[in-house]
Structure formats: structure tokens, C-alpha cells
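Just below is one structure, and these are the notes that go with it.
Chain lettering (A, B and C) follows the sequence in which the chains are written, and residue indices restart at 1 in each chain.
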Amino acid sequence: MRDSGINVLFLGKNFLRLLEGLGVTLRISLIAVLLSLPLGILLGMFMTLKNPVSKAISRIYLEFIRIMPQLVLLFIAYFGVTRMFGWNLSADVSAVIVFTLWGTAEMGDLVRGALISIPRHQYDSAAALGMTKVQTFIHVVVPQTMRRLIPLTINLTTRMIKTTSLVVLIGMTEVLKVGKQIIDANRFEYPTAALWIYGVIFLLYFLACWPISMLAKKLEKRWR
Amino acid sequence: MGLNFDFIVKYLPWYVDAAILTVRVAFLGILFSLVVGIICSAVQYYHIPVIRTIVSVYIEISRNTPLLVQLFFLYFGLPKIGILLSAETCAVVGLTFLGGSYMSESIRSGLESVEKSQIESAASLGMGKVLTMKEVIFPQALAVSVPGICANVIFLIKETSVVSGIALADLMYVANDLIGLYYETDETLIMLVLFYLIILLPISAFASFIERRLRYAGFGN
Amino acid sequence: MEERIQLKVKGLVKRFGSETVLDGIDLDVHKGEVVVVLGPSGCGKSTLLRCMNGLESLSEGNIFLDGEEVSSSGKKITMLRQKIGMVFQSYDLFPHKNIMDNITLAPVKVQKRPKKDVESQAEKLLKRVGLWEKRKSYPRELSGGQKQRVAIIRALCMNPEVMLFDEVTAALDPEMVREVLDVMLELADGGMTMVIVTHEMQFARAIADRVIFLDGGNIVEDLPPEEFFTAPKTQRAKDFLQTFAYEKRRTDTN
């Protein structure tokens, strides 16, 4: 029986169901990344302001989001918010909210880092050439921060994909849950199904993340 | 909101036990991650053939898969081929599998930051490979690696939260249990956040202290 | 100067990929001799020095120290390197160790000499170059000229038989060059065998027993300094010296 476990994948629509399960988390990652990008850029710029109040607020937000395990944040959104405000957030809405909040914090920090990495004399020489602040930002600052940011942003996407795997723990039906259903349904015919199903899920995640990581690495090397 | 303090007092011991488990798993995982990281970075730094390729494959796999999926494979998958590990062993193995690659990358970037001329000047003083590593490369690399290693430590402690997925009674597991049993959600979640803060804040503060010291006491040639 | 050959380079060829940097160098350095290697940048003079210290593998040929071969592998090379001191352009003090520890590290750990002995030797040398008060400082607290003097002392405390100097003043501010060159002059007077790569022509003329002019990976001239600077034999050496004479003319007209 040991070598037949792999056949469970080709039974009915099992493999397709796994892919659909993966699609659930990938969709959440994609939405969260797309929302995090503009919000994170705003947050990053907000953090470079010299105002002590804005600094304190963004700092607390950033520190709290980054020090808490994402799963804790997910629990707070899914269980806590429902109770506190009486909103009944579905698991996928909670997930999008939490991962957007998290992604915004991470992105904001990346943007801030890229902005403050531009040396003082770049601003000085732009000013010496008679450029206005806006012109300096558009023609000097943005192009330089972009090169630094794009690889890091792509990396954030893979981190997002990996992190969204957590949604199974707030009861969402995604790839791990689908896998478990398949394993349970075939418990007697295919006792080794768990090995193959979880192995395949492992591989699927790798195939989803690895090309993106490679792209980030490549861009980082080229633009350094 | 009025908090139910009786509830908090009653279930405090659950949290304490869970926190101990979280810390134990994290500590062992981080320790082994460092060992794996040191070995892997050394293999890459010294360009040891064949093993080096294996190490790069490991690093790519480890960095591009979620810990939760790694754990499911270890805990539910491996027993099917006769490898039976306890949930806690799985958690430590999984954390090491994940953390080893992160540690390796941090250590390697430190090793590679030591300039070649430093190594040559040690060689010109008749120092052998081992002595050069111990006296010249390692201390300088450490200064560069430590911030990254600290970040990894915090990251790995946070990652332990997913071990509840394989039914290990950590903080998340206890919180999930209590919410399911009693619906005292506010208290449960506040305790959860507090316990993670108690574990993570001192480490995070220590990490930024170290980082600041390293930055200002930078050697600079 | 004795007649004994201390360092012998025989048929040395060094290639980097398809590029031949050194193309059959033969050179004997006698005990107590000071050889200055000159040549345009990229002529291979630094590579020659690095080969002598086993930092580069040789494509062809051999190098002997006191008749023993210097090969770039094995335990033997670390033994031989203890007899050949080398000082680099970028000083390369160890940034995480203070001045005294920089100096004593190798004699204590490599040569297994008692720390006390090395420290008293270091004390003498540091006092001679006026850096004794800096013994507890870290390299970052020293000027370039001070660091380079420490680097020389660090090499000297291994009690080498030969010292190699690779453009040791090239990274220094002009006003610090002198303090380093003075230390080297003193060393030469003390009878140290030295091979020096430098761009300081005045200094080369003052310190050298012999000038080697390297171009295109070959030794083009091998003359006493007076002769080399006043009557070089080849056109290439004349052209090379001309590039420095140009600077000279400008300072004259000022």
C-alpha cells in the first residue's frame, strides 16, 4: 500500500481542489500586497516627517504590528473585533485586514529606510542645480528609492504568501484544510495519503514562492 | 469593557505553562538554528564543493515554504513512512529547518563583509586558516552578523505561534481553547498579547541595545 | 652587504586567466640588500611582491628563501611567511584589536613566544617610532601614517629575515608620508633585507641599493639607483622617469 498513496492525488478532482485551496491564500496575499503598497508608501513618507506626534504614532503602530506574531493579530481581528464592536468579520475579511495592516507596516519601514538612505548631498546638489523640492523628489529621490525598494517589495510578496498559510488556523478552507479533507476521505483506501498530500502542498508553496524570490534576488544584484 | 478578573486568575496557570512551552521550543529551535546556520555558512564561505550545492538547495527550500506547512509534513506526513516524532520534537525540528537558513544567511553576510586584505595580512603574519578564522574573521564578522541574528531570534519566537497547528499546547493553542470553551474573548486575547509582549519586548529591547552599541562602537579601519 | 642570496626568484610566470602579468622574472636579493621595484601601474610589481609572500600561486617558476622553496600551499608556507614580513598599502591592522594586541597576536599565537618577550620588543619599537602612548588605542583612533608605522612594527615583531613593502605610502596624506619613510630608512640602515614597491622617486633614490624597473611583466632595468635615475638604458625607463620630471618642471617654474 505504501507506494500507492500518491494515487490519491489523481483521484477525482483532488489535485484541482488542492490548487483551488492554494488559490484561496494566494488571492488573500495578492489583495493584501496590493493594498499594502500604496498604504505603506504613505506610511513610509509619514514616518520621515519631523513632527514628534506623527513619529510617535507611526512608531507605536509599527512596533506593535511587528512584535506580535501575525497569528495573534489574526486572532484579535477574527475573534476580538467581532466581540468588541459586534461586527461579524468573516475569516477572509479578517485575514485581508490583518495582512494589509502587517504589510503596510513592513512596507512603510522599507520605504522609510529607502528614503533616509539617500545621502544629504543628493538633496544639496539638486538644490544647487535650482530644482524645487517637488522636482527633487520626482527626479532625484524617487528613481533612487525605486531601485532599492522593488526587490524588497517583491520579497515582501513571498513573505506574505508564506504568512497567509496561517488562515487555516482561524478555520478557513484553504490548501491545508482541503488536504486534510482529502486525507480523511481516503483514510482506508490510501493510508499513506498524508505523506503525499502534505508533500505536494509543501512543493506547491515552494513553486509559488521560489520564482518570486529568484526574481527579487536577480533585481537586487543588478541594481546594487 | 468590564474584564472578568476571576477568569483571568483562574486560567493564568494555563498561560504560564503555555508560555514555558513556547519559550522552550523557541530556545531549542534557535539554538539548533544557530548550529545549522554556522555549519551552512561555513560550507558556503569556504566553497566546499558538492555540500555547498546541497546547502543552497536547502536554503532555498527552507526560505520559500511556510513553517506551518513544514510542520504538517513533519507531523502528519512522516509517520506514514515510519518516522514518528512527538509534536514538540516536530516543532523544534521545523523551527530549526526554517531558522537554519535565516541564520546561515546572516552569518554568511558577516563573514563576507570581512575584507580579503584582512585575511591576506593575517596570512602574511604566518597565521593559519583556523587561527585567522578565530582571531581575525570571526570577531569582525560577528559585529556585522549580530543585528541580523537578533532579528532572526525575534522572528523565530514569533514563528513558534504556529505550532498550535500541530496540537502543541502553546500560547495560541490555549487562547484558541479558551475562546472555544468560554467565549471570554477579551480576557483571553488580552492575556495572549500580554504574554507575547512579556516574552518579546525584553528581547527586542536587548536587540536594539546591542545594535546601537555595535553601530557606535563600530571598529572602522 | 654580504654575498649570500637570501631571496631568489627563478623563472617566475604569473597569469590571471589569459593575461600574463609576470613573464619570466629572475631576481636575486642578497642579504641586507634594499631592492626598490619601480614601474608603471599595472606592470606587475605588486603581484611580484605577493608571489614572494605566497599570497598568489605561481603559474611557473620558483621562489626560494634561504634555499627553501616558497610554495603557496601546505604547512611550509606558514613557516616561511614568518620569515618574510609584508606591509600593505591599506595597513590592514585588525580593527577589533588594540595596537599592542595587533602586534603581539601573531608572535604569541603563531610563533608561541612568551607574551612578555614580545611586548618588550614591541615597546622598544613603538617607542622608537613615537607611538608607545598609543599602545592601548584602536586602529580607528590613529592617523594613516601612525597605522602604517604600527603595521611595520607588527611585521617586524615576527623577526623576519626579509621585509616586503607594497606601496605603503600610496594611501597616505602627503604630510604623513615622511614619518613612514623615515622608519623604513632606519630599518635599511640596520641591515634589513628589503624589497620595496613605491612611487616615491626621491625616496627610492635615497634608500635603494638596487633599482629594478618592471614593464610588461619583465625586468627591463636592474641598476644602482644613481645610474637608473640619471642614465637609464632603455627608452621605456626614460619615458617612465619623464612622467615624474613633468611634475618637477612645474614646481620649478612656480
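Keep in mind that, in the parts below, contacts are C-beta pairs under 8 Å (C-beta built on N, C-alpha and C of every residue); 3 or more make two chains touch, one makes a residue touch a chain.
Predicted, not measured: the structure shown is a model, and the values here were computed from it.
Contact with both chain A and chain B is made by no chain of the assembly. Ranked by C-beta contact pairs, the top pair of chains is A-B. Of all chains, C has its CA centroid at the greatest distance from the CA centroid of chain A. Core chain by CA centroid proximity to the global CA centroid: B. Note: centroid distance chain A to chain B, computed from Cα atoms, is 20 Å. Note: centroid distance chain A to chain C, computed from Cα atoms, is 56 Å. Centre-to-centre separation of chain B and chain C, using mean CA positions: 47 Å. On the chain C side of its complex with chain B, the touching residues are 53-55, 75, 78-79, 81-82, 84-86, 88, 90-96, 105-106, 109-111, 138-140, 151, 154-155, 158. Interface residues of chain B, counted against chain A in their complex, comprise 1, 60-61, 63-70, 72-73, 76-81, 154, 158-162, 164-165, 172, 175-176, 179, 185-186, 188-189, 192-193, 196-197, 200-201, 204.
Residue ranges of chain B in contact with chain C, taken from their complex: 115, 117-118, 120-128, 131, 135-136, 139-140, 143, 219-221.
Residues of chain A touching chain B in their complex: 2, 5, 67-72, 75-76, 79-80, 82-84, 158, 161-163, 165-166, 168-169, 176, 179, 183, 191-199, 201-202, 205-206, 209-210, 213.
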